[in-house]
């Protein structure tokens, strides 16, 4: 069970060494339990803090993207006038959420109303179990890790439904149905964008997928999947589907706070609401981690000479980069209408993902090509990406050109 | 008691729970779910015999369960679509009232 | 080892029985989800990792959603009808039939000597092996299941779709 | 640069890609669809040339590349590509003619609203046809064969708003399906007996010695060798696809499709697929030749069917008035020639004729298309005429095609290939009837082609449309010119003096020419016959051109009954309607008659008898037995009431019964087993 | 091509992100309690009562307790009690004055109708927006002492409008003085007294237009207030 780290620098091995050292203190029969508990605690601590700072980073970044400053006030409570660039904002938010009144509607199903936020956090945390955070640094080594990831992810849908139904508010229920419709219809392109990676690597195990992307051409061109035509395109599809799956702008219409008052979360307040909020960020982080693992080379360093930096640092850097991109997209794009949302999924992403699957199959079949055939391979693969993209992209606006807007003039 | 026997007991009891549910409830959805439970009980049997059978390396039991799950998913989709069609027709989903071929 | 199995069994059977006894359809649907998750746990216990995740993905993720949607789409006038003598007698008869089957099965299981009690460690079947088997000897079955799922999907859509009123010409 | 056989799939894949692009483009994307189709075709032509180059390095070698398609239980289905001179020559021909016809279509279909679909279908057809050619597996060949049929159906019915086109498409599809059924049966039988469908597989293929020996060694129903039976079944497919007697009826109707389609599919390529198929499986067809005690050789059937078709097609063509129908029956007749050549043992001559025919028949069809396009879709030669002046290029090229088809000696390609067939038929030692039929067809061919040219291009315009015809744009005439050049030049690949093509097809690297004088007598005879045909045609139609569209045909005046029968295409359609159509009706009527009178009468008799017994019984009953029967019937009704209670429509009840039944069965088994 | 718009948008926000660090002119917000952006002149929050003299606000209120605002107020948040005696007003004429003038700003919706209908330019709109309070009745229910603001304050928040009002009032005062002189001159001629009011009306407009035309809804000069009020309504 315990993977001993034999290779790498000290920093590289540090987490494992630390864990093993702590485990040694426990009596032998309890060591397996301690082993897992330490892993769980480490994940909770790291990603709890990560979540906290993601919220403040998101708010600050959004501000900057829109020429605002973002939160910069919250300092330390016992030092008057301290500001710390607002970095303690999440803790202030946490205190606020904890001390707010927890309102449960009189007609609500009390048990399910309580259970929904708990479950949603639990399920979204479960997905972290199969992400390889670094070399030999994966909480649970599973053969069918990707399947596990999606199984755990799909269970959150249940929690959404419970939240909507238990509120005993017909608007909440309808919003929950909408959210479900969105999440379910984007699960298909999400999985289909992942399948090409599985096809090429030949494994469902996330650690093997990360390993398969090791190595460099000429020492500086990493073998990440995103640097192949199908991988690049799959990554784009994955990004869009992940945005929709985690209910982020521009796909945040299930809980559009300006129109729907947070949709299925209308009847939640205080700490339960904070739990949903947290689960959303955990889901986002997990999906980003998956994207990093599948397409961005996991914990592999981009250049050979940068390998001295420990692998988990690379993973976290890429994760931060990806979340940064999500925030950037949120600060830029407008919310879609529901019909645009479903049309995008079924008329654009699903066919493209299927074509990309064929593309990846072509790539895998022609892996033996060398010499000038390499150019043919790249050319065909790129054509298989660009052609359908342009053709289907045209079809997406129903044959009409760009829309012209007429503004009210006075 | 050997684990295989425990597994088989679990599966047969689950089967009977599903059967009683399918027999006792008048709601068509619950009857369908009872039938689903019976299917799951069969799957448990497959896995148990795969696990404790003579040739676990062949994996036939696992494959059979995978196919059974696929078929069960299809069954659930079609069954529930039928339930909705029945509901639209007779405004309730009591199974004992759905006994006319005509109408 | 057996303790874990017994716990899982209690979870499965308990949630199934309660689910079938409850009057609130949503609650019983959610309990069914618990039951299915328990079955997935059983698969994990037995070492069939892939099947367990497939079970979660399909039952907990998909079938439960279909069930919940169906429950909401077929909302009864209000609550459930009161327990009437008819349903009580049906329950008793069901109990008799189920009890009969249970008695036979349990008797048969307990009465059969099984000499595999000393099974070795759980057999490992990697995903690659399963994939090889699916695309190899069972390729035809896989194709047929794919076809079946497609047909079932189309059939479900056709059955559940609202009939378009045929009097469109009259209306216009 | 050589093309490895592994990459042979590129040839059909290019048009397939074009078809996919065509299918995905919006309706407005005319340029994209047409451009992709033409580019793919030209690309396929280039690759085919590479393949030909590769194949000619060692003509005797059969280069194959086989791979597993998918596992079926314990067996493995395998497909593969095959590259030999036959495949390579066919590929080059199809892609070259195809490219020219695609370009021609640009002009011909310019005004059509479904322009883009047309090119999509054409590409699909080309992909399937090329797939058929490169297949090394009868299964893959069959798949492509059916795809070709589908594309043909789509293209014949391209103007589906015309009821006649829709009907013709349906007819073509169904008629060829009848033949395909035979092919499918043959395929299954072959798989059953050999366990493989690959042609060549390093000694294990069905066309290799081991399999052929075992197939020819077994005897099945009627004393036929198994190889004969399978060969005949496969030949059924060829009959359907190549429009041989008696399944030729669909081919003339297929002229309802756009003319480039007729040129590509129903003259040059698809209909030749039957000939190609027989040539491909020639070892199988000829496996029974060595056997003496069998009642029938497969190739004998092929030869006679071919001879009948050649003669019949030529006869009917004489009496047709539609420019495309004349060409269609001419195609039927020429395909008959090819089958004849196959049957008499010279598959090389058949393939040579196939190649030359593809060029000049495509030329003739495109020329006809040019005429039709110029004359605003007027196809009746009685209403045309006098086009020689306004349409010089079309006339010149059409005349070259006509002379090639007629077999005008020495300069044109048709004469060399036809000569090869006549020689082969002459050398056949089973019967000389096919040779005689072929020689008659030579006369008739020259005759009807002369008639066609004379009616269309000479005299004066007999209708408004013909009067206003003018030459078409370069996009239509340039392909004509290229094809005309080929129709002349191609013949020199296989003259008897230097039979390069034949040698390469047979896998020889050396060319053994022989003097033209060898067998010169037959050649002189056929030249005389051609001259007779040409002269007769010119005498009847050319010297005194028709003056009005409704003036009587001189031949009709001479032999009205014969001509009427011929122009009704010898009544095959009516015959089929009257036989197969009637047969069903007749069976139904018979069944009705039996029902009404025989069984009905018998039942009536029984009823009468029963009635009589009843009268007797009633007397007895009423007087004594009544009470007892009442009780019995009451019991029966009561038990019925009890049983009908089980049919409640109550699903719970049914399920409960199932459960109880299970319990009872288990009890019986367990208790019974314990005892 | 699909996606080009998205890329353009991403480029715009990326420019914002970079620019927000080195180009203060881009910023659309200010650090509020420390920095404040200047309010637009026409910004309004709640009503105030203008008085002439900051030293004696209660004595120099312009309000004459006519109660028009009280009647017009849509949410009815104004409460006025008239005085029993009279005091000279801004034009020197003896008028009633409010003994109680209360506005419930927790009810007030800031529509500004009261200021528009006031014939005496007494009620105006304030610009204070930091009105958070812990007790409703002491801090949000404002009495006349809390409402009264000197004219100088009014000038500081609405300079243009205040200048117009002052000019108008000065003109009215001038007219009143002339009228008083005319009345003294014609003290003997009793019969002419009724006629003086009418010529006075056409006499007014020439002095008013330069300022009154700027705002069409501005009330007519104070001396003619009752008549102009009836015209406005």
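Letters A, B, C, D and E mark the chains as written, and numbering starts fresh at 1 in each.
FYI, contacts are C-beta pairs under 8 Å (C-beta built on N, C-alpha and C of every residue); 3 or more make two chains touch, one makes a residue touch a chain.
Just so you know, these numbers come straight off a predicted model, no measurement behind them.
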Chain C to chain E, fewest steps along touching chains: 2
Chains contacting each of chain A and chain C, listed by label: D
Chain whose Cα centroid lies nearest the overall Cα centroid: A
Chain of greatest Cα-centre distance to chain E: D
Contact-richer chain pair [C-D vs B-D]: C-D
Whole-Å gap separating chain A and chain D, where each centre is the average of the chain's CA atoms: 58
Separation of chain D from chain E, taking each centre as the mean of its C-alpha atoms, in whole Å: 98
Distance from chain C to chain B - Cα centre to Cα centre, in angstrom: 5
Centroid spacing, where centroids are CA-atom means, of chain A and chain B in whole angstrom: 35
Shared interface positions of chain C, touching two or more other chains: 50, 54, 62, 69, 90, 93-94, 97-98, 101
Two or more partner chains touched - positions in chain E: none
Multi-chain contact residues (two or more partners), chain A: 394
Pairs of chains found to touch, sorted by chain label: A-C, A-D, A-E, B-C, B-D, C-D
Complex interface listing, chain D residues touching chain A: 21, 24-26
In the complex with chain C, residue positions of chain A that touch it: 112, 142-144, 147-148, 150-152, 154-155, 157-158, 161-162, 165, 173, 177, 180, 184, 187, 202-205
Residue ranges of chain B touching chain D (in the complex, touch as defined): 19, 22-23, 26, 31, 95-96, 98-101
Complex interface listing, chain D residues touching chain C: 70-74, 652, 656, 659-660, 662-663, 666-667, 670
Chain A residues within the chain D interface of the complex: 387-388, 391-392, 394-395, 399
